Each structure stands twice: as structure tokens, then as C-alpha cells.
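Input: structures, listed below.
You will see two complexes here that share chain A, one where it goes with chain B and one where it goes with chain C.
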Partner chain A sequence: MNKLNFLRPNIENLNTYLYSGIFLISIAILDVSLSSFFNTNITSFLPNFISFLLPLILGTVGLHIIRIEFSGIKNLDLLNKNINTNTFNAVLSLLIIFAVIKSIPPFLSWFIIDATISGDTKEACTGTGACWTYIKIWLNRFIYGMYPNELQWRINLSFIALIGLAFVGLIPSEKFKKFLTLYYVVIYPIIAFVLIYYLISGGAFGLEWVETGAWGGLSLTFIVSFFCLIFCFPVGMFLALGRRSDLPTVRYISVGFIEFWRGVPLITVLFMSSVMFPMFLPEDFFMDKLVRVIIAISLFEAAYVAEVIRGGLQALPRGQYDAAKSLGMGYWKMHIFVILPQALKLVIPGIANTFLALVKDTPLIFVVGLLEIVGMLNLAKTNPKWLGYAMEGYVFAAIIFWIICYAMSKYSYNLEIKYKTDR
Partner chain B sequence: MNFKLNKIIPQLATLLAVILVFGFLTYNAQVNMDNRGIEFGFGFLTQESSFDVQFSLIDYDGSHSYARAYLVGLLNTLLVAFIGIILSTILGVIVGIARLSPNYLIERTAAWYVEFFRNIPLLLQIFFWYFAALRALPLPQDTEPMFGVFFLTIKGLFVPRFVWENLDIFFYSIIAAIISIVLIRNYARKLQENEGKQLPVFYISIGLFIILPLLTFLVGGVSLNFSIPELEQMSNTSFKYKGGLGIPPELIALTLALGLYTATFIAECVRAGIQGISKGQKEAAASIGLTPNQILKLVIMPQALRIIIPPTTNQYLNLTKNSSLAAAIAYPDLVLIFAGTALMQTGRAIEIVSITMLTYLSISLSISVLMNWYNKKIAIKEK
Partner chain C sequence: MSDPIIKIEGMNKWFGDFQVLKDIDLSVEKNKKIVVCGPSGSGKSTLIRCINRLEEHQKGTIIVDGTELTENTKNIEAIRAEVGMVFQQFNLFPHLSILDNCTLAPIWVKKMPKKDAEELAMKQLEQVQIVDQAQKFPGQLSGGQQQRCAIARALCMEPKIMLFDEPTSALDPEMIKEVLDAMVNLAKAGMTMIVVTHEMGFAKEVADEVIFMDEGMIVEKAETKEFFANPKSDRTKLFLSQIL
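== the complex of A and B ==
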């Protein structure tokens, strides 16, 4: 029995176990690093199969030897507790560490070391890595679409103005705080609409008119998501109230509306807005396709927002309704001052998820021929002068979308913390 | 009186508004269609479609009807949804459990996976796999086979195809195995309740499930052969695989993207479900002497599944709806074949878009009805 036990680490020979374990692990990591960074195999004298598995075996044995409970060394205990609780966990930890070491060199070399960013033509890209020149040359198109170069200041100006106006809410004193909701719900959307209509679209005040077909790129992503966000929220709120209403007609109509939009994919909704909807409009009535798309996406997302808000309404205890009614409040007063403020607070994460889904859905507008950033990428990809750089383009767009979505989800998390009221 | 009017007037107003809007739209549609000389009707479904589809599960070519084309599209959509659901469930459960692992590295890796794939638009991911990743694969003539029989090329994945004989007998044997497993489980439960004896049900079930179908090979005349894909030169530069089963790259890109994307949401559902079980349940179960396996099987999982299944079904529905993005990479699904090609050829926008939407709607609604029934069935019955 003693012979079997000699490999079981114990605290009496702590240092022996510790040093030999660390030695084995270092060899394992050294072997992987060398083969990964310098392409040399220090165990090439062994058969292929064993040489391949050796780091894993050495590392597992090493981790096994240093698995000593209550060793009294803080870092060792922390290591054992977090990545080395048993053999299975040790193997998984080692595999993850090796995978990271293995993937660093190709990743770095594609992204930075062998990548090209200088020059203006495809010929500049001679390295084996990414061709960022392509992104550099096309960046303008990716952001502004086909919008004329000399007029792009109009998009910049209106976006800066909109961002500035969004921060107005931070300025006023307590006295004006009550007007803030009014400002954000009514005045701000109107200002935004006027800005976009007159400044970006033009056609008045001596500004040249730019048709919506020329809009595109990232700015179009922002415009579409912005308007859909603004429109889908109130519609969704009314639908949620309608679904909880005790008037049967209103309830059934709301249920039917919500379930219809939730049951169909967005792409068919966009198909509908582009090929079927014009048939339902009066003959000489023309509606711009961007407007149709915004209406379609808003109605679609409104159904999802409605379900999220309904969840919040249902989560409120009945006592809130009863208390409000006993104070003599009517339906609207009760909802505006008592129910909705509490319900909306509860559903911040759900609303944020819906908005995230909306932003991620915007690339779908390629169906009606509007090219936001992903659409522009697909267009640039087929340009005969720049064939073969699909990867760079998609990676670029993925990074941008990831940053936007991640920032939004973090912001919603902060809001959730900020408005959390303990019950 | 006043009280009643309060209830009736808003209802009448909403109803009137809805009727007016619908009436207005229908009237316009009528006028527009009259002007263009189109008549509303579904007669076109029986006409010859005269377009080909690259990938189809049933017999189809241009001489078949539009209704048949619709069926091809629907089956292709369901195929993508089916594969995607399996892929995302396996991955999602693994990642969801990994997020709860005490191992810091595993937990972080899973968390990064979720954060990464969840925050990138699905369409972009599909484009990435199709236009960037799969286009980097070698041409058929340069491909090295994996394990000798799988060929992953730019033209798709070519795998061996099963060639069965007497497949029906094989199926009957599987059904027989399932029935006998159910019977044995019932018997084992009764035995345990009455006499306290335990049967190794799990091993018996696995044994039955393997042995019964195997027996049919010996006595039932069932045989299984493989048709392995072989490269054949058509002309100087064109090569083609003969035999085997070809999976088009569109299908691979689509299922990969859908699976990886939806798995992140399923992982979160699984995590929430397992975290939703209070620690006391586990401790209580342990204190009455259940083994860890029994705790997981009899106490934790039944409760966790109650939390996990409803949102997960929602994700399956989302996946099915998202599979319509197939149209973007020209995978012949319902939207591409029917709302795309068929609509272009016939010009019947209203009928075709309505049929497409109603198809998705009926899939969603039927699953919702099933879900509601299931929720009612598993809801905790409080006394």
C-alpha cells in the first residue's frame, strides 16, 4: 500500500512535490511554446504520437503532484482551488492553456505582423496576413455608403447634434426634471426626424437633395436602428397594455397583432414591405423604401417589446393596482404614475436584449436593396479591383458590431443596477 | 349606464379603426390589381414551375408544379432547423454547464464564447462562414481525405452514403427495442416499489438497444454497405465526386452559423435553469441518502428542466425563423425558392408572401400551443 501511496502528494514533502511538479509543468509549457512560436519540436526523437501527447501527460502529472490541500502557500492553494481540483479539470485547464498558446502566433501574424496597411492598391498587399489597405481605402464607403463625398459633413453634423441633444437631460435642475420624459419621448424624436429629413436628405434651404438609395454604410445602420428604437417602444407599450386590458376587443386585437409579428421571420416582413405593401397603397401614393423598412422593423420589434413589458406588468403585485385605484386614479393616471414606472424598471434587461436584437437585425435590410455596412462589404467584395478580401471585411464589421452590442449590454447592466429598488 | 358606455366606446372605436384600416388596404389592393390585370387566386400553384433547385430532399425538377417547389423549400428549411437545433443543443448544454464550472479557465472560456458569438449579427456570421471561411478550402482535386472517406472541399463536404437493404426490418427492430425498454423500466419501478429490489435498468436498456438491431443483421437479412465518394475527372479542369453524399457548402455555413449563434442563448438558459435550483434541494436529497447520480437524475434535473425548457423552445423557434436568412447565401430554403424565385416568375406578391408568412406562423403557433400544454403539465401543483 505504501508503494502505491508514494505518488500521492502530501504536505510533509511539500517542497519536493512542489519543485518536481513545477518542473514538469514548465517543460510541458516550454515544449508547446517552442513548437508554437519557433516551430521547433524538442521531443522529435520520440515517436510522433507520443511526442504530440507528451506535454499533456507531463502537465497532468505535474498538476497532480502539486495538488496538495492546505499547503499554507497562498498562491498554490488558489491555483489548486481554481484550475486544478481534480484530474479531469487539470486536463481541461491544460488543454485550454495549450490552445491559447497555439493560437497566439497565427492570430498575431494574420492580424498585425504580416498584415499590410500602407499603399492604395491591391498590389500593396504582399504579406501573408490581412490586407488592411482594403479597409483603409473603402472605409469612407463603409461608413457613409454611396453618399456623395463632399456632402458627408451633413451626416457628421447631424449625428454630432443628435448625440449632443441626447445629453441635454443631464443639464437641467430639479425644477425642469419633470419635463425630461416629455423631452425624450416627444421633442427629441421630432428634432431627430427634422434633422435627418432636412440635413441628411436635403432638398430644402439650398441643400442638395440626396435620395435614400445613396445612403448606406454604418451611418444607415445607426439611422435605421435609431428610428426603430424610438418608434417600437411606444407601440410596444400600448400593445402590452392592450393585451392586459379587460376590454375583450382590445385584448384580442392586441394578442392577434403580437402573435402575428412574433411568428414570422423578419426577412419575410421585409419582403412584405418591399413587394406586397405597395400593392396596398393608393395608386399615386409613393412611400420611400427606407420609410417602409423603418415601419416594418418597428412593428416587428414592437411585438417583442410588448411581450417584454407584459412580463414586467405581470410581475407587479396586485396590491399596486388596488392601491392606485383606491386613491381614485383612473386607468391612464394609474398606469402612467404608478404601474409603468415600476414595470419598466423591472424589464430593463429584457428591453435592452430586444434593442440589441434590433441592432443585429439591421443588416437584413439588404433584402430591399438598402446597403448598410454588411451590404456595403458584400458590394466591395465583388469589386474586380479588390477580389479576395472577404475575410478582412467581415472581421472589420464583426469588430464594429461587437463593440456596439457589447457597449449596449454593459450600459443596460449599469441601468439595471442604478434603478434597482429592493423590495 | 355611464359605466357601461365607458367599456363599450373604446372597444367600438378600436374595432372601427381596425376595420377601416383593413378596408382601406383591401380596397387599394383591389384597385391596384384591377389596373394591372391580376386576379387574386391560388391557381398558379398547379402550374409548371420551370425552374431548377440545386439541393432538394425530394424528386424535383422544372417540370413539377409550384406547389411541389414550395414543398422542396419547406423541407429544406426544416432540414436546416433540425440540424441547427441538434448542434446548438449539444453545444449550448456543454457551454451552459461549463459556465458553472468551478474551474476558472473553463468558466472564462465559456463566458467569452457566449459574449463573442452573441454580439455579432447572425447574418454577418453566415456571410463569414460562407464567403470567407469555406472559400478558403481546397479544390476537389487538391483535397486530402479525412480518415480516408470524408472530403471537405470548396464544393462542400462529401461523406459516404449508407446503402441499406431491408431497412424497414431494421426500423421495426429499433421500435421493438424502445417498447421493450419502456416495459422493463415500468417493471423495474414496480419491483422497486413493491420489493425494494433494484435492476440495472440503464445497462439492460443499452444492451437491448444495441443487441436487437444487431440481431437483424444476422437473421433479418438486413445489410449495410457504404458508397464512398470518388473523384472523377469530367474534363481537364473540372472534377466531380461520384457516389457518396454531397452536402452543399451553403448548408454547412448556415447550420454552423445558426448552431454557434443559438448555442450562446441556449447556454444562458441552461445556466439560469441550473442556478435557479436552490442549494437546499441538493443538500436535502443528499441527507436522505441519495447518491450523487440519483440527486442529479431525480431531484436537480426535473426541477431545472422546468426552468430550462420553455426559454429553450423559444430559442428553437428563433432558430427556425432565423433559418430564413439562408436566402442571403442562396441556400434554397422556403424564402429563396418561394418568396424569391417563384415570386419573380409569377409576380403574385400577395399570395406568395402570405403563404410564406402563414407557413412560418403556423410552425410558431403550433409549437407555442405545444409549449403551453407542456408548461401546464409540468407546473408545480401547489396545494
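== the complex of A and C ==
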């Protein structure tokens, strides 16, 4: 039997090492937590400098003692492998853990403990934390923009209907399955357009007309993102195919289109769509600002989508084209059944990337006077009654955007897994 | 003597400045089995890829089953539908199951009802003995099984001619036999076949004629027995001495 040697821990006295190591680490974490949460220093009797470094030293020694390979305890092995491979690694891990512990209290106090949510005016916010009252009071505007309060049920209704219709694909019916792609690619967007055109915009069936300038907030973010995503994808797909076409005219037009839209900043495109574009139109021809913006963003993003899809097309081996051709398939059959399904599957991450960028680009439509959620925040923060709460507003917007984008990226991961059939 | 089903006259092909095929004359009668051999880079793959116009020729004529291969896309697609092809790299569609690989072209090119196409596919898969793998995806199969599936896929179009482009070159030695067996069965059933291969055993067993190509030209074309017993040109003799 080996003697206890704390410089070279070994497996024979596993429990002794384990308990003493865990004891030291616990003291280290306890010390940091106490000083972080209760502002007390249990090692104040020590000289300042040592008292400051003590948790790190104790933790490092503790981690050293429990660094025993092949201990047979699953969690210990996992811990050693991931955060405790050597002294440097252990110090780094401890510093990160301490930093997290240290940053929790100020974060919590700003967010929750010292925050205010009661009251209706700025005067209610007396604490040092966040003023959620501001968000609460303005929430309606952040979601619906300048849309009249008594008509907001129209937005709610159309969004609920659209979400409901999106789940049609889950109906388990063999007969219906064949039409699902058609439904999602063609019918669903048409329904969405009709709903938004008649229900949100109004002007028919006895519904009061609400001009698009009054639309805004989160609902506008959704409307713009939704239509841009739907339009830019097929356009981008055709551009990608066009760029690889054998017909010179088609190829040059596609290349020219893609390079033009990729070469200009989105903000200029939006400006052009709103200021320049109407000048080229005949006097009596009217196109709504929102429609122009959606078309502009769609074409802009389509150029990016095209290049992403082209990457997927190029990644396919030539043999796939040969095989499809040798079976007598023409250009469209070959692409629809053989090439595109594989190419699109390859570029799901790239397309998700482009789509996320698109959603996060929507705030730029403020340059043409359309105020989606960030635009409404900017408006609200300059309101004389509510000056000085920009921070809360931006944190709120960040959380909203994060939720939307995280949901989208999760969905794209699921798609990747769903269509993974090989290799 | 019946009319040839494939007739190639004075065919030339260039890749840029490099001439890959020089004055190829070849006619293949129905139900004949032709083996094409030769060193790598001699143009044998290009030759059979020209027959279903996966490659374009620049000079001369190719007539397949009475139709001349020209720019006319409709003709090309019609010819491809009745000329099956099997590739060195299998080229199965990895996103479709084995069964769907086989039924895709019959359903969408020949407009066959789905049920009939599946029946036909199962029959062809039975022929090459992978019917039990029908629901799997190509990535889950061994090389030999994939190549047999590729043969079944081509046969599902009920072609009049089958082209094989080095079908066993990418396979492990123990899998070559199962693929060759499938090809021998096909030959015995009377299919017109043009096979590019280095498997001389296969050539001796099934071929009616053997063609030896070098540097883009047909150096020698002879009945199988004649070809192996007394090759005429020195180049053929050298090649045979190295390969046998």
C-alpha cells in the first residue's frame, strides 16, 4: 500500500484524496460566493494580498489532488478530462467559475432585485436597477407600432391564424402528404398575403383602412421578415441555377444581378427603393412603401442566398449529374429530384445564417420611416417623459431578437438532422 | 445481317486542343456484347460516354437505335432513356432509398404509375439479389451492393443497350465477383452491352467482340477467341502480356 502523497495523488487512496480535494475546492467557492453575495470576507484575518488570492490557491491545490486518471468514477473522470487536465487548465477553469459567481449579483440586482415594474410613470422608477415600468407602459407600442389600439385584434387574429395554418403539415394523412410542399411554397404565402392585405391593412369588408406607415413594432418585424424570407429563397435558387446555366444570356444576367446587389449596402438599397424608385414610375402608379421595402430586401438577400446555394451545387460530384442524365432526365427533372435536394441539404447552415442576418437587418427599414421594434424603441427613448431609459429598451430588444434567432437556428439544426440520410 | 443498333462513323472528339478520340468507326448489332479495353487515358470511357452524349463529339456521326445524336435535346433525352449506364463510382442518389433510386426515373421520365414502377424495381432488385436492402439508403450498403443497385436502377428504365464504365474498378476484390455475376446474368438474358473493363476473365466468358484502344484510336477489333489467341498488332500483344 502506497503512503499518502499529496504531490502525486494515486488511485489507491482514492477516497482520501477525493474528500480532501473536494473540501478545499468547496472552501474556495464558499469564500468567493460569500464575498460576492454578502460582501463578507471570511479570510480577512490574513494579509490583504493573500486573502485575495486564497480561493484560487485553495481551488488549484484541491483540483490537483483530485486529478487522478482512470479513477473509475464517471463524473470525476469527466471533470478531469474537461476542465482539469493540468494546472494551467485548472487555474483557467477556476477563474471562469469565480468570474461567473462574481458577476451574478450585480446582474441580478439590475435585472430583478433593484428593478422597478410597478407604477405608470417615470417617477415610479426610484431604484438603482432597471426600469421595467418603461417597457410595460410602452409594450403595446413595441408590439403593434402606431396601429390603433381598438383595431389590434386584427393583427392578433391574423398572426394566430397564420401560426395555426403553419402546423397543417402535422396532420397525419397519406393522401394529403403529396400536396404539402405545394402548400408551404405556394398556398401558405398566398394565404398570408391575403390575410395581411385584407385583415391588417383593411379597406374592404367594412374594415377600416390602416395605412402601412402606422404599422410597426414587433408585428412589423415579423411581417417584413416573413415575406422577405419567403421571396428571397426561390429568387436566390433561380439565380444560383442561372449562374451555372449553359445559356450565356441567362448566366450573364444572373451574374450581373448577383454582383450588383451584393455590391451595394442594404441601407442604400432601402433608400433607393423609397426615394429614387417612385421617380421612375408613371404618375398614377402607386406602390406602397412597405411593399417596395419588402421587394428591396428580398432581392438584396436573394443575391446572398444564391451564392450560398451555388456553393452547395458545386459541392456535388459530377457523377450525380451524369447519373441523372443517363436515366433520361431533362434539366428541370434532374435539378428538382436529384441535384437541388442534395445541394439544399448541404447548405442548410449557410441559408440559416443568411436568414438570421436578414431578420437582424430589418431594423434598418427605419431609414424609410418604417418603425419596427428597434425603431419604436428609438422613438420611445426620445419621448420627453421617458428620457434616459435607452438601456432597458435595448436589452428588451436584444432578448426578443435573441429568442427569434435562437428559435430559427434550433429549427435549422432539426432540419439538418431530419434530412441526414447518409455518410 | 440485321441493322446495327449503334453506328459510329468517323467520330472525332477534342478536349480543348487535345484530341481524345480519332476517327472512331464502330457498329454494334443488337444483342451483341462488346468489351472495350486499353490502357488508361486511351479514350475508352470517353467513347462510351459519347454514345449517350454525356460527352459531345465534334466530328462524325453517332446513330443510336435509328436516331442521330445532335444538339436536339428531345432526341438526346429519348436516347438516354433507352441506353442504361453504370458508372465506376456507382453514382447512386444518396438522398433516396434504394427503392426510390430505382423508381425515380421510371415514374418521372417514363410516366409509369408508382405501383408498377415499384413492382418493376423489386423485380430488378431481386435479379441482382439486394431486394432485402430496398428500404435502406445507399450510404448503408457495401460497394458491391451499391454497384448492383446501380445496375438495377439502370435496368428499371428497361433499356435496349447497357453501357458499363469500369463497373468493378472501384470495388474491393471480394466484391468484384458479385457484380460480375450480375453482369453475366444480364448478358445471358440477351442484353446489348458495351463494357469498359480490365476484367479479362469476364471478356472471355461473355464478350462477342473485344476492342482494344490506345491513344484515342481503335487499334484492334476482333472476335473474342481470335483477340486472345492471336492478337495482330504489337501494341495489343504488349498490353495482353502485361494484363494476363
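The rule is simple: the second predicted complex is superposed on the first by the 348 of 423 C-alpha atoms of A that agree within 3 Å, B and C clash if a C-alpha of one lies under 4 Å from a C-alpha of the other, contacts with A are read in each partner's own complex, and residues count from 1 in each chain.
Heads up, the rule we're going with is that a residue touches a chain if its C-beta (ideal position, glycine included) is under 8 Å from a C-beta of that chain, and two chains touch if they have at least 3 such contacts.
Computed from a prediction, not measured in an experiment: that's the story for all the values here.
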Of the partners chain B and chain C, which touch A:291 in the superposed model: first, second, both, neither?
-> neither
Have a look at where A:317 lands relative to chain B and chain C in the superposition and call it first, second, both or neither.
-> second
When the two structures are overlaid on chain A, which partner does A:50 contact: first (chain B), second (chain C), both, or neither?
-> neither
Look at the residues of chain A and decide whether chain B or chain C touches more of them.
-> B
Could you look at A:419 and tell me whether it touches chain B, chain C, both or neither (first, second, both, neither)?
-> second
For A:409, select first, second, both or neither according to whether it touches chain B, chain C, the two together, or no partner.
-> first
Does the superposition put A:160 against chain B (first), chain C (second), both, or neither?
-> neither
Chain B versus chain C as contact partner of A:267, first or second or both or neither = first
Residue set of chain B touching chain A in the complex reads 7, 10-12, 14-15, 18, 25-26, 28-29, 31-33, 35, 101-106, 109, 115-116, 118-125, 127-128, 131-133, 135-136, 321-322, 324-325, 327-328, 335, 339, 343, 349-350, 353-354, 356-357, 360-361, 363-365, 368
Touching residues (chain side chain A, partner chain C) in the complex = 317, 319-320, 322-330, 333, 337-338, 341-342, 345, 419, 421-423
The chain C residues in contact with chain A across the complex are 49, 52, 54, 73, 77-78, 80-85, 87, 89-95, 104-105, 108-110, 137-140, 150, 153-154, 157
Touch list for chain A against partner chain B, complex = 81-83, 85, 89, 92-93, 96-97, 247-250, 253, 259-260, 262-269, 271-272, 275-276, 279-283, 356, 359-364, 366-367, 374, 377-378, 381, 390-391, 394-395, 397-398, 401-402, 405-406, 409
